[in-house]
Amino acid sequence: MTTYAFAAALFTIGLAGMALLPNLLRKLLAMNVMQVAVIVFFVSLAFKDGATVPILGQGGAPVAAEFMNPLPHTLMLTAIVVSVSTTGLALGLLVRVRSRFETLNERRLLDRLR
Amino acid sequence: MGASPPPRHEASRVRRLLGAAAFPALFTGLVLGMAELPEFGDPASPASTHVSPRFIEDAAAETGAANMVTAVLADYRGYDTLGETAVIFAAGLGCLVILAAAGGRPNLPAAGMSHPFGSVILDAATRILVPVVLLFAVYVLIHGHISPGGGFQGGVLFGSGLIMMRLVWGPAHEGGAHHPDVPVFGPSLRSSLMLACAGILGYAGIGLAAMAFGGEFLNYGTLPLGSDPAHVRELATLGIEAAVFLTVAGTVGVLFDTISIGMRENGVPIGSGRGPRE
Amino acid sequence: MAEGHLISIGLLAAMVVTAACALAVKDLLTAAALFGAFSFLTATWFALLGAVDVAFTEACVGGALTTILFVSTAFRTGRSFD
Amino acid sequence: MRDVLPGLLVALPLMGAALVPLLAALSRRTTRAAALGLHAAILAAALGLFGSAAADGPIRYAVGGWPGPWGIELWFDGLSTLIAVLVAGMACFASFAQTFGADRNGAAPASTPLREGLLRGALLLLVGGLLGIVATRDVFNLFVFLEISSLAAYTLVASGEGRGAVAAFRYLLAGTAAGSLYLFGVGFLYALTGTLNMDDLAARLPSVEADAALTVAVVLIAVGLSIKAALFPLHGWLPDTYVYTPTPAAGFIAAVMAKVSAYALLRLLGEVLAGTTAGAVVLEITLWLGILGVLVGGILAVAQRAVTRMLAWSSISAMGMILIGVGMGSALAITGALFHMAAHALAKGCLFFGAGGIRTSEDGDEPGRWAGLGSRAPWTLAALTVAALSMIGIPPTAGFFSKYYLLSASIEAGGPAGIAAFAAIILSSLLATVYFLRVLEAAWFRTPGDAPDVAGDPASRPPGPVLPRPLAVPVVGLAVLVLLTGIFARPFERHVLPDWESGTARISAPAP
């Protein structure tokens, strides 16, 4: 529960940053924090007390209770990829915005667009 | 930056007030919901008992991968991974459209990397480090069956090696080296794109090949690579990982090149060798 | 490792603090560096939870690639948030 | 057929997206032929699945040979194949229109063969993402394909000059927030049930006893998808995005992008989460927000000075109408929502292709710029008029029937929501009459001299056709489809609706 609450806190910080910070690059950093929060949540769902890393070592047939749940791990690999892809594309957009409008401040940008 | 203070808008004040109320509410709501979830670490939770036991108990026998995450990633949920590869490919394609292939005005400096640092120490360190990084990347790719790692991590590492070369030796582009002593290594923007495309084609190609042999899309078990289905799946998984590796390495190159030096080839097709550069 | 493990709680708290700092500092390079630190802390915590693959990826991607991309953008768009 | 087409439907666009940029190195002609051929093949696969699902019942397809809930399943019933056909069909028109951006510098700067290949690749990726959303039976897979379609859409939005990049960035922030909210909700569902497969979820959710957690999950998922579906008041990203997207992509994005998210909302809220109390409450809220969206979208559309911006606000109104249908949830309402998705996609695609092209050729976006176009290009304007009439809901067009179904569903539903929905739909038609007549009146009954809102000498207008052929063909083709869909609405209803109704019966009582 404590762990989940930390994920919720990170998510809230990220989402609030996206909505409230005026600078577009900062919004992007906040977006990354928000995405990491979801990953933290999923990874904490995969944890089992007394279990180990989901890689089969030497020995007999594996028992489910002995290994961490590999499914959320897999999903979160995909989520990390999605997050870096989005960030890459967003940074490309920002380079273009900065080159065209000479600011990354949302308010200045809105004034310039008016 | 500009000297004038950012103008104030009433709307943004309203939004700030709204935000001050909405975000604590969001946090409270999330925590209230989380209080009812199964306890952290509970081995009897639905997540631990419903679908996942098969991935733990049967993965090695069914797919031949000791790393269960690799088994789920490349085989049970290989379709997700195809989507993931497409996502990163979409990012590379997007940056190319937005920055490199667009006729933007070059009024931003390139990201400081267009002039090689020229320091002997950096140069020597890079000469030693880059081959090690690239080799490790390939190791991570191939060893992903048994240990943490796989195509994606390997691809990122490989791309990081390329970025390291770019940072120290300057950007590669048709037209020659920037550093007087060091030949420019690393793929051009166009070859990075081709790598990325090849990865997607390879991945989907393996999936379609499985269909040609009568299985479902991405059902590697039907491929005529041997008699032991787990072994066949293991081989196909390696092929999948290699395809992901190609796409990721290529896209990392594309992303870095476009973001750090893009929009400087004013209206000239990328890779045409005519890119004007001050 | 039980829920209330000190290392786990400490790492999580450090994550929240670095994330908040990364969003609060004035200088873009500092923010990018703090974000890198945030990612590495996250990766460490993932490793602690037995999610080695996720930890590896998060370290590669969040700690290295995303940070590099942010820094190279910072070089082009100016270091300070305006 | 049934064991090959599902794989092809999702594999072809993704492969094509990688193939077309490579072909761009050869020649423009090869690139174009390949892209058009791929889109045609995708449409053929979608039509094949549509026919097969209608004739022999729904198709379940286990990708990789792993059955659900361990693997990822695809699911093709009347509902999903209809949307798939719509997406694939619109994509053919958009691909045809993409030649426009390559030929005329006004729409896309400095178009090189490679750039054209990349843009065509982005369209294919977008189609692949949308078809993936439509086909999938797995809630996490839905997220992955949502992101593919989003990234491709950001690319297309930003591919124009100027403000497109800003619009795309704002769309990206909204879209990523939507994706993360959705994924967080999926995390809750996974923690509660241990599964990601939609059928398995629907079977296991009724026995879950954590009401608060389930409510949070449902709200997160609904809010996430509502942002993507531009449900009022989460529509903020939409107007700029539609207005600043280059015309060929705008016609496609405006036509199907938000609707696929509405479809996902229907699948999840109406089918998977229908057994939960929270799901029912959220559907009710969706209905009321849909009513508000219809009104706000219509009123703001009247207030706009630019034609494309007016069309964008009218889209918000239309999405509200679709979500009214989704929120009511009766068989008739869902039929209306689906029919409105199709009718609105065809008409709005037509109008965006037309208005975007006219914006370029007449060098401006005010209704006054349309003055005299009726005599200069009667066929094109006739087609656009048909589309506009469909938006208003005049009888022989498709738009009439979708509003008819939705109105009947509101009467059937009754109660305050039914009355409000009825009034909102009628009022939105009146508002649509106001804002479309302004444009049509200028086009048919004014000469360039007496247009009030255009400054400058009409003689200085750029010469040339009103719409270049790459845009004129989709405009006329879509208008014909609008008419055909309207004329054959009754037979269509007789042949296809029984399948949908059995589908919706299944929706209201989730199968194990």
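Note that the chains take the letters A, B, C and D in the order they are written out, and that residue 1 is the start of every chain.
Note that in this section a contact is a pair of C-beta atoms (placed from the backbone, for glycine too) under 8 Å apart; a residue touches a chain by one contact, two chains touch by 3 or more.
These numbers come from a predicted model, not from an experiment.
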What chains touch subunit C and also subunit D?
-> A, B
Could you work out which chain's C-alpha centre is the most distant one from the centre of subunit C?
-> D
Count the C-beta pairs in contact for A-B and for A-D, then report the pair with the higher count.
-> A-B
Taking each chain's mean CA coordinate, subunit A and subunit B are separated, in whole Å, by 15
Please report how many Å separate the Cα centroid of subunit B from that of subunit D, as a whole number.
-> 29
Using the average of all C-alpha atoms in each chain as its centre, how far is it in Å between subunit A and subunit C?
-> 10
The positions of subunit D in contact with two or more other chains are 140, 144, 147, 151, 154-155, 158, 165, 184, 190-191
List, in ascending order, every residue of subunit C touching at least 2 other chains.
-> 1-3, 52-53, 57, 61, 65, 69, 73, 76-78, 82
Please list all residues of subunit A that touch 2 or more other chains.
-> 1-3, 9, 11, 15, 44-47, 49, 51, 54-55, 72-75, 77-78, 81-82, 84-86, 88-89, 91, 93-96, 98, 100, 103, 105, 108
Chain-chain contacts, ordered by label, are A-B, A-C, A-D, B-C, B-D
Flag every residue of subunit A that touches subunit C in the complex, lowest number first.
-> 1-3, 6, 9-10, 13-14, 17, 21, 23, 25-26, 28-30, 32-33, 36, 39-40, 43-44, 46-47, 49, 51-55, 68, 73-74, 76-77, 80-81, 83-84, 87-88, 91, 94-95, 98, 103-105, 108
Subunit A-touching residues of subunit B, taken from the complex the two chains share = 1-2, 6-9, 12, 15-16, 19, 23-24, 26-27, 30-31, 34-35, 37, 39-43, 45, 47-49, 51-53, 55-57, 59-60, 66-69, 71-73, 77, 80-81, 83-84, 87-88, 90-92, 94-95, 98-99, 102, 104-105, 107-108, 146-148, 152, 251, 255, 258-259, 262-263
Would you pull the subunit C residues touching subunit A in the complex into a rising list?
-> 1-4, 8-9, 12-13, 15-16, 19-20, 22-23, 28, 31-32, 35, 38-39, 42, 45-46, 49-54, 57-58, 61-62, 65-66, 69-70, 73-74, 76-78, 81-82
Across the complex, what residues on subunit A touch subunit D?
-> 11, 15, 18, 24, 27, 31, 34-35, 37-38, 41-42, 45, 72, 75, 78-79, 82, 85-86, 89-90, 93-94, 96-97, 100-101, 109, 113
List of subunit C residues in touch with subunit B within their complex = 1-3, 52-53, 55-57, 60-61, 64-65, 68-69, 72-73, 75-78, 80, 82
